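Just so it is clear, A, B, C, D, E, F, G and H label the chains in written order, and each chain counts residues from 1 on its own.
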Amino acid sequence: MKKILQDYKAGKVSLTTVLKKLKTLPYEDIEFAKLDTHREIRKGFPETIFCQGKTTPQILQILQKLPADQNILLTKANKTIFTAVKKLIAIASYNEAAKTIVIPRYKPRKKKGTILILTAGTSDIPVAEEAVVTAEIMGNKVEKVYDVGVAGVHRLFDIKEKIFHANVIIVIAGMEGALASIVGGLASKPVIAVPTSVGYGASFHGIAPLLTMLNCCAEGVAVVNIDNGFGAGYFASLINR
Amino acid sequence: MKKILQDYKAGKVSLTTVLKKLKTLPYEDIEFAKLDTHREIRKGFPETIFCQGKTTPQILQILQKLPADQNILLTKANKTIFTAVKKLIAIASYNEAAKTIVIPRYKPRKKKGTILILTAGTSDIPVAEEAVVTAEIMGNKVEKVYDVGVAGVHRLFDIKEKIFHANVIIVIAGMEGALASIVGGLASKPVIAVPTSVGYGASFHGIAPLLTMLNCCAEGVAVVNIDNGFGAGYFASLINR
Amino acid sequence: MKKILQDYKAGKVSLTTVLKKLKTLPYEDIEFAKLDTHREIRKGFPETIFCQGKTTPQILQILQKLPADQNILLTKANKTIFTAVKKLIAIASYNEAAKTIVIPRYKPRKKKGTILILTAGTSDIPVAEEAVVTAEIMGNKVEKVYDVGVAGVHRLFDIKEKIFHANVIIVIAGMEGALASIVGGLASKPVIAVPTSVGYGASFHGIAPLLTMLNCCAEGVAVVNIDNGFGAGYFASLINR
Amino acid sequence: MKKILQDYKAGKVSLTTVLKKLKTLPYEDIEFAKLDTHREIRKGFPETIFCQGKTTPQILQILQKLPADQNILLTKANKTIFTAVKKLIAIASYNEAAKTIVIPRYKPRKKKGTILILTAGTSDIPVAEEAVVTAEIMGNKVEKVYDVGVAGVHRLFDIKEKIFHANVIIVIAGMEGALASIVGGLASKPVIAVPTSVGYGASFHGIAPLLTMLNCCAEGVAVVNIDNGFGAGYFASLINR
Amino acid sequence: MKKILQDYKAGKVSLTTVLKKLKTLPYEDIEFAKLDTHREIRKGFPETIFCQGKTTPQILQILQKLPADQNILLTKANKTIFTAVKKLIAIASYNEAAKTIVIPRYKPRKKKGTILILTAGTSDIPVAEEAVVTAEIMGNKVEKVYDVGVAGVHRLFDIKEKIFHANVIIVIAGMEGALASIVGGLASKPVIAVPTSVGYGASFHGIAPLLTMLNCCAEGVAVVNIDNGFGAGYFASLINR
Amino acid sequence: MKKILQDYKAGKVSLTTVLKKLKTLPYEDIEFAKLDTHREIRKGFPETIFCQGKTTPQILQILQKLPADQNILLTKANKTIFTAVKKLIAIASYNEAAKTIVIPRYKPRKKKGTILILTAGTSDIPVAEEAVVTAEIMGNKVEKVYDVGVAGVHRLFDIKEKIFHANVIIVIAGMEGALASIVGGLASKPVIAVPTSVGYGASFHGIAPLLTMLNCCAEGVAVVNIDNGFGAGYFASLINR
Amino acid sequence: MKKILQDYKAGKVSLTTVLKKLKTLPYEDIEFAKLDTHREIRKGFPETIFCQGKTTPQILQILQKLPADQNILLTKANKTIFTAVKKLIAIASYNEAAKTIVIPRYKPRKKKGTILILTAGTSDIPVAEEAVVTAEIMGNKVEKVYDVGVAGVHRLFDIKEKIFHANVIIVIAGMEGALASIVGGLASKPVIAVPTSVGYGASFHGIAPLLTMLNCCAEGVAVVNIDNGFGAGYFASLINR
Amino acid sequence: MKKILQDYKAGKVSLTTVLKKLKTLPYEDIEFAKLDTHREIRKGFPETIFCQGKTTPQILQILQKLPADQNILLTKANKTIFTAVKKLIAIASYNEAAKTIVIPRYKPRKKKGTILILTAGTSDIPVAEEAVVTAEIMGNKVEKVYDVGVAGVHRLFDIKEKIFHANVIIVIAGMEGALASIVGGLASKPVIAVPTSVGYGASFHGIAPLLTMLNCCAEGVAVVNIDNGFGAGYFASLINR
């Protein structure tokens, strides 16, 4: 832009030309400003591809357009997709439970605090693992404790120290999702609640724990979408900065 | 019936007459058998009138048809109804929180076990009081502890002994209703969960705690209708026999 | 703990050491107290594994951690899981309708009362069988009568005696779930209603019978989750103690 | 039309005029044909005005346009509307429970069969009365039995004869609506089920009995809208012809 | 019973014996009375087996228990079931669209009126065929016209005569289900509306047409469950008597 | 901007100053560009204030900030609001049915085509009037025909010519909303469907007609929010340009 | 008709015969009028077959009945259907993403304006392609820009010119569907919003974007059914005339 | 505890007494530990009373039990409650829009970062004010910008700097709730989304914006209950530490 203005002052371009250029500039500017801002902000943040509903060719095409020095995270990716990605980018690695592919180009800058990830049951582990992978590639230290649901509330007391020392806590629960309320009542740090579609009958594919968590009477609990381990990991990472 | 048969044998009535009588008898029999059975079963059980949707004249009419030596319980009764009932039956007494009228004609036979009634919050008390009134007029010893919701789970431990010693536990909670899960996890006796319409937003007038309680991952929890304190008290009393 | 205190009095350990020990003790205590309490309570109660959403390796791992002298019940278990379990523990047996695996290490103590299990239709049998298996391994005498739905209410009268003599009744029904109301009107003992996902169209995978049962105008009916035969069997067993 | 054609043949009107007339005739014809057909069909059928959502002036205006020799039925009419209507048409009479106004200009032709109208509870009476008024002004003999809900199924047997002898049965029930299933199982004539918004909590303003009735496992049951006593009375009358 | 009484008069049996016998008689009586009544009523009515959720062995077992001279109708039956049934009962025939099996042991008594069965679209035909098969085996004359949905309302006028001459009309429609309203507005006979799960998106598996039909502003329309062609055929047949 | 550049070339401002100014310019530019674009586009379009949820002082404050030469439309405005507005701006006029206030500062430019507004019933008129007011203040010629619901489909044929000659059609219907489907099947111009909350029971405050209209099998129908007469009028006006 | 009247005047047919003929004429007239009207209107419009729920033989049968000089569009068609259609009509072509078959018999008349089709994500492309195919076979110029969802709102500014110059805009979005609101706020032309079933968890198969779009606070947005790309393309084409 | 042990060592109390005391100690300990932990954590955090569903006497009673040196916040408090509280505690002050009462006993410790609170419309202000009051009494610097909804997305760009500089952002929106998605796409800090019950028709008292926000395709957004301004302010404050 500087150059345009200097050329204009030097009489190389007319006023009309400058004005015309400036008319479209704002939008380019926004875009670049935004990208710049984001790039700086995103230090250590991966590019993310949500694979569900995309064809494998589409995913490969997107991968090839992304900058070659970026960390990349693919979520909701099945094994077929992984095989195709692996052929293209050899360092890609797969977490089968989480259904995530990670393409680690550089080591993310380590953050100080710990993110504690709890699940109510064994069946909630896939969602939890998605959160773990997401938080870790963003440079967070993650501690995970699975299967501490409220049916045996005494199990929670064994991990009391972890709850008190974590910087952010992610609580992942299906069925009735009451774990978020208990942890929210014990903890003094932000609790991110993730309802899962684990359960049957009146759990209605995650509606029951979703409502439980939204109505949580303990303060300091916010909720993300059903089965959205990625969103919880990302949000926790934003807090943990 | 014995008399009919004897009259028949004695030739006083014809075979046709007996057969005709017997044709309608079954239905009368069922009715009476049923009433008899019930009467015996119901020793100490009040007649109950659900007032919502009934006009005051209708309620008074029903009251006058009921046997004059029965205990009677009226639920969802507003003050206007009470005033009218009181004029008719002087011993009627009103519980304003519970919106119940009790007409105590005799002292119910005392049962041995204790029914423990817990609420998550202060706003759940009206539903709890309905359960208390119901359980007491059925002869149960009731212990009540209000406002022990999961936001401060340590409050539950103060009443640990009550939880372990009760014969049946009624847990009443609105908002997210997680208290039922915690108590269900601690107790070894039947827990009856009552969702309440207390809350706002995504509690959807009791749907949130209803789903929570139905999906309760702790064993030994069953659920009654939203705000149905009477049903919980009645069911608890059946168990406490 | 007694020993610690005696050691302390004897001067073998310092006040600081005792205080430090006691600081963590509460939580260990809770856990053990809880386990002890439960163990005593649970005499004759099986450990239960809910298989849905768990991988076969996870299930086998859990099985190996459970005490070797415990009765174990696995619910929502398909045949593949059974084959794997059978290899590990030869005495495991499978109920194909109920999708339950039972590992019977000892004979449960027999209880006195009878649990009557009714279904409205033939298609409700799998849920009923889960309740049967659960109640039996907890030492209950179970009587079952299937296919007595309200479309032919006279069939209920044939089993009138069973209804009057049972200590607890489990009513399992899909479609409109009205059987619970009828049985609730006839019986004078607690009725546990289990809605099933049997039906089509506006049964909405069990919502119709769930709502029917929650709104049951007969007193003495409580409800568990859709298709939750296990929960009903367990709750009935708690009442039958 | 006959006249037009005769005039045309007589040369009084031109071919063009006849053709033009016929072009618009169809639509008028449909209307008239329809009205004619209907009039014949409707012998003894009232004109009906659904008052909810209409202003009193609108209702009076409609009334003045209707033929002065017709029976007229106004539904969902409050007392204010009645007062205004009464001023206009002195023979108008009001059923307060049903919230119906009837303007009886002639005696409807009596039909042979009986329509039996049952309610589960006392609170369902307003809906039932709407059905009664509707059926009666259409010339049907109506028998009504209120408060025979399934909580005391033996009460139904007292009216066994009525159930067997009616030509059509209307079953009106709120809460869980199970009465329709029982009557459907006993009766061999068409049963019209009307869910009502009577109840609380999980009855969800009539959704619970609506679903119950739609899923009715007894054959021979069809359903109308929640609280639609008029619709049930009308449909029953169509069957009773 | 007559014999018992005669034996009693003749002194062959004691009063006690007679009384004891009569005590259980009512229930047996009800059953038989009911069966008798029904048998008479059901002249020309088939026994019906709803196959969904039943195993093939269960279906065969039920078939073998049914009287060998009865017409039998099996609904929601897949081809596997038909193959098994065909082996057992050679005269069984299959309607693939309707998924019905008919076992025709005798010709049903013909009824006078016609049942007109309309569908809005081609995709609604399977539900319609279930209604056709049901109505025909009950002795009704059925006329069927498919694909006359409201998107081209003029198609309805082609069948105006059929609509005016039918005794009962069944309207089967998915998507928005508006056909029932139109036909209800044209016809003067009872219209039975069947919502189907045909559609996508906001049809929500039949909820959209179900609500449309329940709210039908035309008088004379009643509704059965989503996809319940059998129920509509049966109900129409009851009216057509 | 032109001036800044000329000043810069003239040496009156430095390069740094120009660059700094341009950095914030984009956003201001967007705003102005947008406003300009809109102003031009909006010739004849009123400013609109949605009153529901706003206090009267807030509404008056907004009114005072709007340009004094603009036409203004206030929707969902009760009489209290109108009284306050009238005091401030004397030319304000109120449509009581529509609950709209119009402040007409200039005559909108007339458009050529006609917008036809139909309602199924009398109770839908308030929503229709909101659409009428909106379309008229935007310069459209509006024709309105009320109460042509499908229960008497022949009434539609009387207005056949209007349907064929309109440029856009707005169909407003509550209860089952089937009118949109019929009109959609007849018309060859865009049909905008507005579900209303008119009805009771299973109309669920407008959900029934909303689903009907979304599933409309006739082509050429789009839907706006329940009771959103304003949105329909506005959208129709956009099409009518 | 003219001939009939002339024959009648000439005495060739009796008055009775003419009257009889005229009685059925209206309906035939309506039909033909309608078809004529439609034919003229539909210039360049394809016949459309919605394939979902139809068998391949049914589709082929319908195809053979359609006029051989018409453009035909088949939607929701899988590959098996295409193979069968291709055998019958060699010029048929398939769009795999859109699941549409086009049978192009003549070139549609080109329209002037442009329809801009936007998607929020890559997964929304199949729905968008259905809209594209539909709009193109109706003679519209289509511009499509995919993957401009609100997560990166700056991408929208790059296409600012396209938004300002299009005549109609179709916005296709799943998940939360917010793109419609943004585009509605920027554009001054009609925006047709299509919710898609893309997403998971609380998107509830398209309910989330459907509600978002219906509640769109930007003016000038109307909505079609979930995943209804065809409907959006058709409606846009009607506006674009 | 130290004293007990010293007394024991000194022989003042017996081993039995100590053991007995320790048996109940754990629970007391938990309580105190919890309270201690909390007290330290809560420096500057107010005690909170949720007033909805509580009677005024109950609220006053709770107030009197709370420590007299604590800051106290009462939410969902109407004016009647405020008048009563004011009489008791003179320094209490009321925010009428927010319906909050604040009892400020000490100045909370100021936090560094800023919480930015945005609303989509004017009607969302009450919820926003609840968040403002909550965040401020917890010592946060709050910046608030109201009425920047997506219908005029350019308004957002005016506050770009505020969005980039805030430490946490609370987005409050009713109707379709799309503002959260846009802000989530622009911001690089955690965004807390609060759906409000503002809107009508298909906003379903906040369900529409709730679903929008849960499905937010922008990363870094978490959701609290409908209308839960308090929860958002509290959660933001936890992050802002």
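Quick note on the criterion: a residue touches a chain if its C-beta (ideal position, glycine included) is under 8 Å from a C-beta of that chain, and two chains touch if they have at least 3 such contacts.
All figures in this text were calculated on a predicted structure; none of them were measured in a lab.
> So which chains count as neighbours of both subunit B and subunit D?
Touching subunit B and subunit D alike, sorted by label: C, E.
> Going only through chains that touch each other, what is the minimum step count from subunit E to subunit H?
Minimum number of steps from subunit E to subunit H: 2.
> Which chains are in contact with both subunit A and subunit H?
Correct list: B, C, F, G.
> Regarding the subunit G and subunit H pair, does the interface count as same (over half of residue numbers shared) or different (under half shared)?
Both copies, subunit G as well as subunit H, present the same residues to each other, with over half of the numbers appearing on both sides.
> Which chain's mean C-alpha position is the greatest distance from subunit E's?
Result for the farthest chain: H.
> Using mean C-alpha positions as chain centres, tell me how far subunit B is from subunit C in Å, no decimals.
Distance between chain centres: 25 Å.
> Can you compute the centre-to-centre distance for subunit F and subunit H, using the mean CA position of each chain? Integer Å is fine.
Here the centre of subunit H sits 38 Å away from the centre of subunit F.
> At what distance in angstrom does the C-alpha mean of subunit G lie from that of subunit C?
54
> I'd like to verify one number: the distance from the centre of subunit E to the centre of subunit F, where each centre is the average of its C-alpha atoms, in whole angstrom.
49
> Show the residues in subunit H shared as contacts by 2 or more other chains, in ascending order.
In subunit H, the residues touching two or more other chains are 26-27, 30, 34, 121, 152, 186, 201-203, 210, 214-216, 219, 225-226.
> Please list, in label order, each pair of chains that touches.
According to the stated criterion, the contacting chain pairs are A-B, A-C, A-F, A-G, A-H, B-C, B-D, B-E, B-H, C-D, C-E, C-H, D-E, D-F, D-G, E-F, E-G, F-G, F-H, G-H.
> Which residues of subunit G touch subunit E once you look at their complex with the stated criterion?
Answer in residue numbers: 27, 30-31, 34-35, 50, 52-54, 58, 62, 76, 195, 197, 206, 210, 225-228.
> Can you list the residues on subunit D that touch subunit G in the complex?
Contact set of subunit D toward subunit G: 1-2, 5-6, 8-9, 15, 18-19, 22, 25-27, 29-30, 33.
> State the interface residues of subunit G toward subunit F in the complex, per the touch definition above.
Against subunit F, subunit G makes touches at 30, 34, 37-38, 41-42, 48, 164, 186, 188-190, 192, 210, 214-216, 219-226, 231, 234-235, 238-239.
> Can you list the subunit F residues touching subunit D in their complex?
Residues of subunit F touching subunit D: 121-123, 152, 154-155, 157-158, 160, 174, 198, 200-203.
> Of all residues in subunit G, which touch subunit H in the complex?
Within the complex, subunit G touches subunit H at residues 120-121, 149-153, 175-178, 181-182, 184-186, 199, 201-204, 207-209, 211-219.
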